[in-house]
Structures are given as structure tokens and as C-alpha cells.
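In the two complexes that follow, chain A is the common piece, with chain B as its partner first and chain C second.
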Partner chain A sequence: MNPVWMSQLWAVMRLELKKSFFNRRSFWIYLLALAPVLIFAGHALEVSTKKERRASLAARNTGVTAEKMRQVRRGMTMDEVSKLLGPPAEKIATSRRQGVERQNWLYSDGRSELRVYFADEEVRGTNFRGACSFGEDTIVFSAVYQFFFLRLMVFFGCVFVFINLFRGEMLDKSLHYYLLAPLRREIVVGGKFLAGLLATSVIFASSVALQFLILNLHFEPQVVEQYMGQGNGWHHLMSYLGVTVLACLGYGTVFLTAGMFLRNPLIPAVAIEVWESINGILPAMLRKFSVIYYLRSLTPVEVPIDRGVPPPIAMLAMNVDPAPGWAAVLGLLAVSGAMLFIAARSARGLQINYGAEG
Partner chain B sequence: MSTDQIVFENVSKFYGEVLGVNRVTLSIPPGITSLVGPNGSGKTTLMNLMTGLLRPSRGRITVCGLEPSDPEKFFRLVGYCSQFDSFPKGFTGFEFVYSFLRLFGQTHRQASRVAWETIERVGLQEAANRKIAGYSKGMRQRIRLAQAIAHDPRVLILDEPLNGLDPLVRAETIALFRDFAREGRHLIISSHVLHEVDIISDQVILLSSGYVVAEGQIKAVREEIEEHPMQILIRCARPQALASRLFEHEHVVEAKVHTDGGGLLVKTKSADQFYLLLNQVALGGFDIQTVAPVDDDVNSVYGYLIGQEETTR
Partner chain C sequence: MAVYKRSYKSYAGPMTAEWSRFWIIPRFAWAGLFKQRLLTILYVICFFYPLGAALVIYFNSNMSFLRQYVPVPDKLLDIGNSFFFAFTTVQSGLGFILTALIGPGLISPDLMNNALPLYFCRPLSRTGYVVGKMTVIAALLSLITWIPGLMLFGLQASLADQAWWNANAYLAGSIFFSSLLWIMVISVMALALSAWVKWKVVAGGLMLVVMFVGAALGEMVREIARSDMGRYLDLGYNMARVWSSMFRIVEDTGSITLEESIAVVLAYSAVCVLLLMKKVRAFEVVR
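Our next item is the complex of A and B:
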């Protein structure tokens, strides 16, 4: 590449990076990126609190195990339960209504917890809550990542950043400075795009790394070490980071191009969001014309669709016929390349008409 | 293809069905050229077309042989200080000039040096490290001027460049323009303040409702307006006697004694013949103190060509 073009590309990026990271509009991007971090921080806090509470309960429950707790059945008497598990760590919600005496007993082995509901000294129900499982948490992480982080946070973050690369400067009436400099319009598009990509990738990848860190914080150090050292920990983390960057690339090119053609960013944003959401129920051919199809194919942990999920939601959540990894990356690069090409072509014919002609 | 002229070949620009400019054919030589016309006459459209911010609906534009569609060469030659009083957010004056110099491919050191030199040239060195958002209108005007001239363009296009400047800075800026023109460069300036145009322009282009109504040196344009004889004010001792002497000549169509009795306002169909006559009259013993044309300024010319009501806007 021509060295002058390189230095011009860098000059455009310098100007745009400042705006992308420190502009007032960027405040929303940081909020979006922070939201899932807060969710996982809340989860970690809840698990830690539960752990402490269960440990305190377990201190009063000698000889209670998870296996024993699972043996409690409806119809057992208080005596039978006491015989099996010993006296409860805590008796709560004792009440008498309509002549029936109700009691709830609480047991714990330090990791899991059992709540037994008695009516007239007979077990009417149980609620067993197991220990927080590493496997479950990785699935929860993947679900939050796919259905919340990618589809909402990264998606709308890219809407804010990339649509404003051109549209924002049209509104600020400052785009003409670029068009009066001796540089090809393709370089303006390229520099702006790379700055947007760098900003969104740094912000959202940092968010993913933080979420991952916080998610693992409440597990025993040896469990985390095993996951990271001998398990798939690093592979998962790198995959999530890579998919995040690819998401910024894919959505970035789509919204950069949309911003060059449409005045109102809400219209393309909503239309594309709907298109991405119904990806699972689209015909196989159409499914490939979306960003989420490739991204979900690359996500390292698959989210099983529970039987209890209503069919319409299950259809939207399913990743039917995922693309192989290499094809997903190539597909995404092809979609992004096509979008960038359209944006660059459109920039060539761009005219400035801020609506203040003399 | 002319390499020192700005050439418009039958250029039209329509915004949908609204006319911007229509069938403009011009060839502008180096020097200070003013685009004159009221708001909406097409001055800004013409400048935006010249710099490629707008594409013509019809026709072709070249600036010193180059077209705006070749920005890499074109904008090394052309600087444009547009009327848009807007800046990239959060920049100081120095950062603004510096950052856009980097787009020219200049190194950090080179861009820094040139930015400081240019900022000094427009007299803003003390405010250079302050945010532009805190600048006065005049300072914003000057920093935009600095950005437009920083790369030392051969063609400088300025849309209402004297707006918001105080008298001292205005005089300095006009001197800067004159320096530019003296070096054989193009300066295209738009203005609707006609007396300002008179002071600074080598030639004018008069615009009305998107059409070019006249172009050239203002005196030459004035002389071509035959239906309005030239008006000349003569300060002299015996105005009545001078009036009867002048009336002997056919090209003198009117002579009125000034209300203060110390002069004569003459209308003539030929300024050249009139000045020759005046030389003879003076040699013949008339005490003539001053002679001054009254209506060969842009204001009068524009009034004659377009209509009095538009010149006052």
C-alpha cells in the first residue's frame, strides 16, 4: 500500500478514535458494555452469599449429605425426616391456618440446600437446590453472551458507533473537512471504519474478559485452574473474544453502510434486529445473509433449548444448521467486505448539503 | 485545458426541483475575485461546486486544470474556508489545524511546525491551546481560515470570510488576502457586503437567483451598462458655468448643481470622453478641485443590473 495512504489512514483513525472513545455519545456504549458485567457481578455476589449461608446452616447439620437430602419424599412424617437428616438447621415460617399447622425446615450440607414444607407434620413438598455448578454457569454465560450480549449490547453499541461515523458528522456539520483534504474517499471510509472497529472491539472485548473473570471468581481456585489449565478455559475465552471482534466487524460494516444511506438510524437498527432475531426460522439460504448466523456458529458453548421453552421462542433461540468454523469466519468476512465495498462506493458520490445553502 | 484559470463550462446544479445555479460559464483568472449577490443567489453553491462538495447536475468544472473528482491532487492546490461554523468536537485550535494537516500526509514534526506558523499568521497563537468551543465568532472564523491556508494552497476559496471579524482583524485579514493575490494566486471570496467587495476585489461575479448576471472588473462592467449613464461628482468654484460648458457635448446627458452650491453632479454616456473633456476644461481656466465617480461601485452596478431592492439586503 502506498505509504502516503497509510499515513493518511492513520491520521483519519487518530481523529476518529478520539471521538469514538471520548465523545459524549460513547457514554452509552460504556453503559451497554457494563450491563452484563453487572449481571455476572450480581450473580457472583449472590453465589458467595449463598455459600456463606449454607456453610453456616451446615455447621448445625451434622451428617447431612446431598444424597440424603434427595431421599426426602412427599408424605414422610417429621419424625422420619428427623431420623434421616437429624434436626433441621433452621425452622422457618411456622404458622397455623384453617386448623392446619405449617412448618418449613431447612437443611444444608454446606454446598446444597433442602427446604422441606410440612403441613400437619407431613411433608407436602421439597425444594432441593444443588451447589452452583461450573458446567451450568458456562452454559448460562454462553446463553447471556448469545442472546443478550451479542444481540443487544454489541448490536446497539455498533449502531451508536458506526452509524454516527458519517451521519453524526453530517449532523454536526463537520464532515466537509475530510472531503476537502487530499485523500481518497475510500481512505476516509477505511480510517473511520477501523477506528470504530478498534473502539468497539476494545470496549466490548474488555467487557467479555471482565464477565469471564467475574463468573469464575466465586468458584474454588483449583476448579478454575483446572478449567483454564487443563480444560477448555482459554479456548472458550479466546473464542468469545474472537467472536466479539467479529461481531463488531460484521455489525460495524452493516451500520457504517446503513449510516451512509439513511437519515434515521432507528429504522435500519430495528429492521436488522428483527432480521437477526428471526434467523432461526428463515430458509437455509436466507439464514446466511445475517451476522448472527455466523457468530452463533462460532460460539464455543452450545446452549441447550429446554423442553419447557415455548416453541416460538425455542425456534428463535435455536441455531439450526450451524456453519463450520472456517466457513463462519469466511462468511462473515465476505459479508463485511461486501458492505465495506458498498460504503466506499457510496462515499465516492457523497455530497455535502447540510441544508444551509447560500 | 487552462492551467491557471478556474473554468465553469455550462454548469447547472439543481437540488431536486430547486435551482442552485444555472448555465454558469466562467473563466476566472488569478487575483481576488468576489462572488456578489444576496442570500440565496447561488454564491455558496458555486463555491461548493468548485470544491467538489457538490456535484454539478450538468456541466464541468476545472480548477487550474484539475477536477475535484481527483482529490489527491486537487486539494493540495485548493483550500476552502466554508461558511459552516462547525468543528470536530473537543478540539483545540492547534489540534484542529494540526490534525487536518496530518491528512495531507505530513509528519508530526512538519504538521506541528506548519500549524503553529499558520496560527501565528492569523493572530491566534495565544488561544491556540484552548478548546474551539470557547472561541468567539471572530476567532472561529480565523481558525477556519488558518485550516484553509495551512497547506499553502494556490487557490483559496473563502465563503463570507470577513463575517464576525472586528475592524482591526478585518484589515489584517484583507492585507493577508492581498498578499496571497500578489503572489499570483486565486482568491475567490463571497460576500454580500458590497463596499467590502469594492475594497478588495480585482474582479467580481454578480449573481442573482442562480444566474451569473455580470462578471469582470467592476469599472468595465459599469461602463457596459448603457441605460444608466455614469454619474460623476465635480467639486469646483463655478458650477453653473461649468455645467453650461459641459452641455455643449453630446455625451453629457445631465448636469445638476450640488445642493451646497460647491459642485456639480454630471451624468455622461461615455466616461472616457468625459474625462478628456474635463482635462481641456481645466486647462481652459476652470478651478476644478476634485473629480469622483459616484456610481461605479459594486453597489450601484448591482442595483442597476438586479434591482435596487436586492442590493440593500
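Our next item is the complex of A and C:
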């Protein structure tokens, strides 16, 4: 490669990195990436603080099990609840407002907890907090990662960053500086793309690493050591990080190209989101023309689909006939390469009309 | 008249009634909206489902006509609360996409070009301005939600017997109020985002983010903390919960009560109204 091109590429990348990381519009990306970390942190904190309290409650609730607690339904009377679960470990509040007597009862089996809200001796609401175990939490992490983090957080993050690379410059009326500079249009596209990829990869991969760390915080150190040292802990972590980077690459090239052709990013974003969501029910041939198919094939922990899972979630979870690892990586690289090529070619004929934007 | 004799005279012509001044905003906005080809196409698509539903209702009551040509059962399907609930859900979903396209462009250009003082130096209040902008969305959404819904209800009522009417008369109110609630909520959300995010493209994207990512965060909390509290973040779920009760559809909804769902919907709307009114002012402080 021509050394001048390399230095130009680096110059464009340097300029764009600053924008991608510190632009006011990037604020949303940090929020998206941080949200799951905060949820995991809240859960870890809650479990750690409530462990001893639940144990003491369970001592007063002999015979109470999670299955029994799940049977409490709205409309049941106090007597029916007492008959099913016995006397509560704690009556949290008893108040009389507007002639209605309200009581909150608390039950626990040591691991899970049930709060029952009574009004006039009738169940008006329940809040069941299930127990967590290391194995179950590993599956929960994988489910959250596949169904929510990849499909929504990384997806919308890439929509913002990559469509912004060209569309944002149009809105700021600053794209002409690049187009007037003596450098190839492909270099501009390449530099912008690499900056976007680096920014999204760093932000979302850091988020995954933090989530993984926090997930393991509230378990016994021996269990975590065993998982990381003798189990598949490191392999899982590296796989999640790798898949995140590949997701940024895949979605990044798709949205970079969309940003070159379409003025309104809503249309490609919605269309691609729908396409990715129905991937599980598409014919085998069509399934390969999506990013999520390859990403799901590479995730280290398979999420089992229960019979009780609602159909929309079951559709998201379905990954019939996943691609082998090497084919998934190659397939994703091929799709991304093709997209980047289209974007670079179309940049050659790029013309701007700031008047049409707003 | 000589130029030196021309001095200020107040307007002496007929005045527009104060309550109807906001109409000027939607009148001009509608004229501009349908110049966008994509919006026109989407709006036309929004009428396909009501048309299909009308055909289903008609054939459902005239199966003997169909039976002359093809062997069919006595009834295609049961036209009742589930049918109209599905209609409202589909049309509201389409309405949301339509709002994501229309809404962000309503206030952001005024703010971006410092045009609000030009509105408010005329006899138009802040409320009038917001109501005018909301009317742009509300009228378009009404045409695809409760108006065709009530027409379908009327069609079914005219074709069905008295027993159907006695059992389902409440559905007219359900269709109207559920659509109205949805229209109000998504209109204020679109206007608030449009007021706070100056780039309409980004504001449109944010509408999707609020809806999809809110639902995703809610599910994440449910999965990770094993608690239904996450549902509070999911506006779509809470709205569906309120609709279900309006349409008298019984389903197991976990530990979130109807009152809590109503509170969530109202809280979302209140926050949007607050954000909106904070931004819509006759002046802007430029630091």
C-alpha cells in the first residue's frame, strides 16, 4: 500500500476518533453500553446484601419452597395464603387508608423471596424474586447478551456511530472539508470506518467485560476461580469479546453503507432490525444474509428454549443449523468486506447538498 | 394618502377566535408533510389492514354467499374483543412508525432556526403552539386508528344481531379511548424528543430507541434480577396492559397491577410534557 495513503488514513482516523469518542451525540452510546452494567451491578449488590436476611427469614418459614411461593395468585385470601405457605416470616407494614386495610407479607426459602400485598385480606399483588445460581446466571448472561445486548444495544449503538460518520458531517455542514482535501474518497471512507469500529468495539467490549466481572462478583471466590481456571471462564469471556467486536464490524459496515445512500437512517434501522429478528424462521439460504446468524453461531453458551417462553422471544432464540466457527467468522468478514467495498465505490461519486438536510 | 400621514393603526378586521388559533400550525404542516413520497406510501399502507378487516367482517356475516363458490365453515372467526384488540394493536404500531417519521420534524426546525419568537410574537400561546403541533400527529393517527376502528365496529354492529350488540357495545369506547391514549402518549414523546434533539434524523432514531431499548432494559431487569419491576421501564408493555383491561381481555400479567401500568404511562407522558414545556419558550439563552 502506498505510504502516503497510510498516513492519510491515519490522519482521517485520528480526526474521527475524537468525534466518535467525545462528540455530544456519542453520549447515548455510553448510556446504551452502561445500562446492562448497571443492571448487573444492582443485582450483585442486592444479592450480596440480602443473602443473610433471606437466610434468617427462611429459618422462620419452614416448609416454604419456591414452587409453593409461585402458586400465590391475585385474588387469593389471607387464609388461603396462610394455608399454602404458613405464617409469614415478616409482616412489613400494616396501614389503613381510605377504609382499606393493607398488609405486606414476606416469605423466603433462603434463596428466593416473595412479597404479598394484601388489601382487605385479599391478594392485590405479588413480587417474587427468584434465586440465582452460578450455572443459571451463566445462561442468563448469555441470554441477555444474545437477545438484548447484541440485538439492541450494539445494534442501535452502531446505527448512531456509523450513520453519523457521513450523515453527521452533512448535518454539521462540514463534509466538504474532506471532499475538497487532496485525498482519495476510499481513504476517507476507510479512515472513518476504522475510527467508528475502534470506538464501538472499545465501548461495547468494555461493557461486556465489566458485565462479566460484575456477574461473578456475588458468587463465592472458589466457584469463580474454578470456572475461570479449570472451567471455560476465559474461553467464554474471550468469545463474548470477540463476538462483540465482530458485531460492531458487521453492523458497522451495514450502517456505514446505509448512511451513504439514504438520508433517513430510520428506514434501514427498522428494516434491518426486523430482518435480524425474523432470522430464526427464515429459509436456510436467506438466513446467511444477516449478521446475527453468524454472531449467534459464535456465542459460547447455548440458551435453552423453555416451553413457556412467549413466541416472539422463542423466535429470537431460534438458531437452527448454526454455522461452524470458521465459516461464521469468514462469512461475517465476507459480508462486511462486500459492504465496505460498496460504500467505498459509492463515495467516489458522492456529492453534497446541505440545503436538503435539516 | 401621503406617506407622512401613514402611522400605526391597529388591525380592525375580523379576529380569529382565541381557541381556534392553533389550527394555523397543522394547516401548514399537513400541506408540507405529504410532499414526502415515503410518508405518503406508508400512510397508504396503513389503510390496508382496516380494508382487510372490513372484508373479513363482511364475509363473516355473509358466509352463505361464499359457500356458493367454496366449501367454508359457518363463521370465519369470532368478531369480538380480540379482533378489535388486534386491530388497535396493529394500527397503533403503524402509527408509531408514522410518528417516528413525522414527529421529530415538527419542533426541531423551529428551534434550530430560532423561529419560536416569530410564533410567540403573534397571538398564539405556548399551549396553543404545542396543541397545534400535537394536532398534526393526532389527526393523522386518528384517521388510521379509532376512526376506521369505529367504522369497522359500526359495520359489524349493522351486520350482527342484537345479542352481539348487547355483549360488545362497550368496544366502541375501548377502541376510541385506547387509541386516544396511545396518540396522546406518542405525540408528546415525539414532540419532547423533537424539542430536545435538534437533528430530526437523530430524534426519529431516539423514538425507536426509547421504545425498543426501554422494553429490552425491562426484560433484562426481569431476567437478571428475577423481578417484574423491570416492566416499569417498558412503555409498550404497560400500554398493552391498559388496553387489555379496556378490551376486557383476561391474561396473566405477573405482579404488575393495572393501576401501576396506568401510573407508568402517565409518568412517561408527564416527563415528556415537562421536557417539552421547558424547551418551548419565546426566547433562548445563548451562552
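Throughout what follows, the second predicted complex is superposed on the first by the 273 of 358 C-alpha atoms of A that agree within 3 Å, B and C clash if a C-alpha of one lies under 4 Å from a C-alpha of the other, contacts with A are read in each partner's own complex, and residues count from 1 in each chain.
The working rule: contacts are C-beta pairs under 8 Å (C-beta built on N, C-alpha and C of every residue); 3 or more make two chains touch, one makes a residue touch a chain.
Everything numeric here is computed off the predicted structure, so don't read it as measured data.
**Student:** Thinking of the overlay built on chain A, is A:56 touched by chain B (first), by chain C (second), by both, or by neither?
**Tutor:** neither
**Student:** Is A:140 in contact with chain B, with chain C, with both, or with neither (first, second, both, neither)?
**Tutor:** second
**Student:** Check the residue A:270 against both partner chains and state whether it touches chain B (first), chain C (second), both, or neither.
**Tutor:** The answer is second: A:270 touches chain C but not chain B.
**Student:** Using the touch definition from the top, say if A:132 reaches chain B (first), chain C (second), both or neither.
**Tutor:** Only chain C is touched by A:132; chain B is not.
**Student:** In the superposed model, does chain B or chain C contact more residues of chain A?
**Tutor:** C
**Student:** Looking at the overlay, what does A:22 touch: chain B (first), chain C (second), both, or neither?
**Tutor:** The first partner, chain B, only.
**Student:** Applying the touch criterion given at the start, work out whether A:124 contacts chain B, chain C, both or neither, answering first, second, both or neither.
**Tutor:** After superposition on chain A, A:124 lies in contact with chain C alone.
**Student:** Which of the two partners, first being chain B and second being chain C, lies in contact with A:82: first, second, both, or neither?
**Tutor:** After superposing on A, A:82 lies clear of both chain B and chain C.
**Student:** Considering only the contact definition stated at the top, list the common interface residues of chain A for chain B and chain C.
**Tutor:** 358
**Student:** Which positions of chain A touch chain C when the two form their complex?
**Tutor:** Interface residues on chain A, with respect to chain C: 25, 28, 32, 35-36, 39-40, 42-43, 46, 74, 112, 124-132, 140, 143-144, 147-148, 151-153, 156, 159-160, 167, 171, 263-267, 269-270, 273, 358.
**Student:** Please output the residues of chain A touching chain B within their complex, sorted ascending.
**Tutor:** Contact set of chain A toward chain B: 4, 7-8, 11-12, 14-15, 18-19, 22-24, 169, 172-174, 176-185, 349, 351-354, 356-358.
**Student:** Looking at the complex, which residues from chain B come into contact with chain A?
**Tutor:** 15, 20, 39-45, 48, 51-55, 71-76, 78-80, 82-84, 86-90, 99-100, 102-105, 107, 147, 159-160, 190
**Student:** Over in the complex, which chain C residues touch chain A? Could you list them?
**Tutor:** Interface residues on the chain C side: 38, 97, 100-101, 105, 109, 112, 199-202, 204-206, 208-209, 212-213, 216-217, 219-221, 223-229, 255-257, 260.
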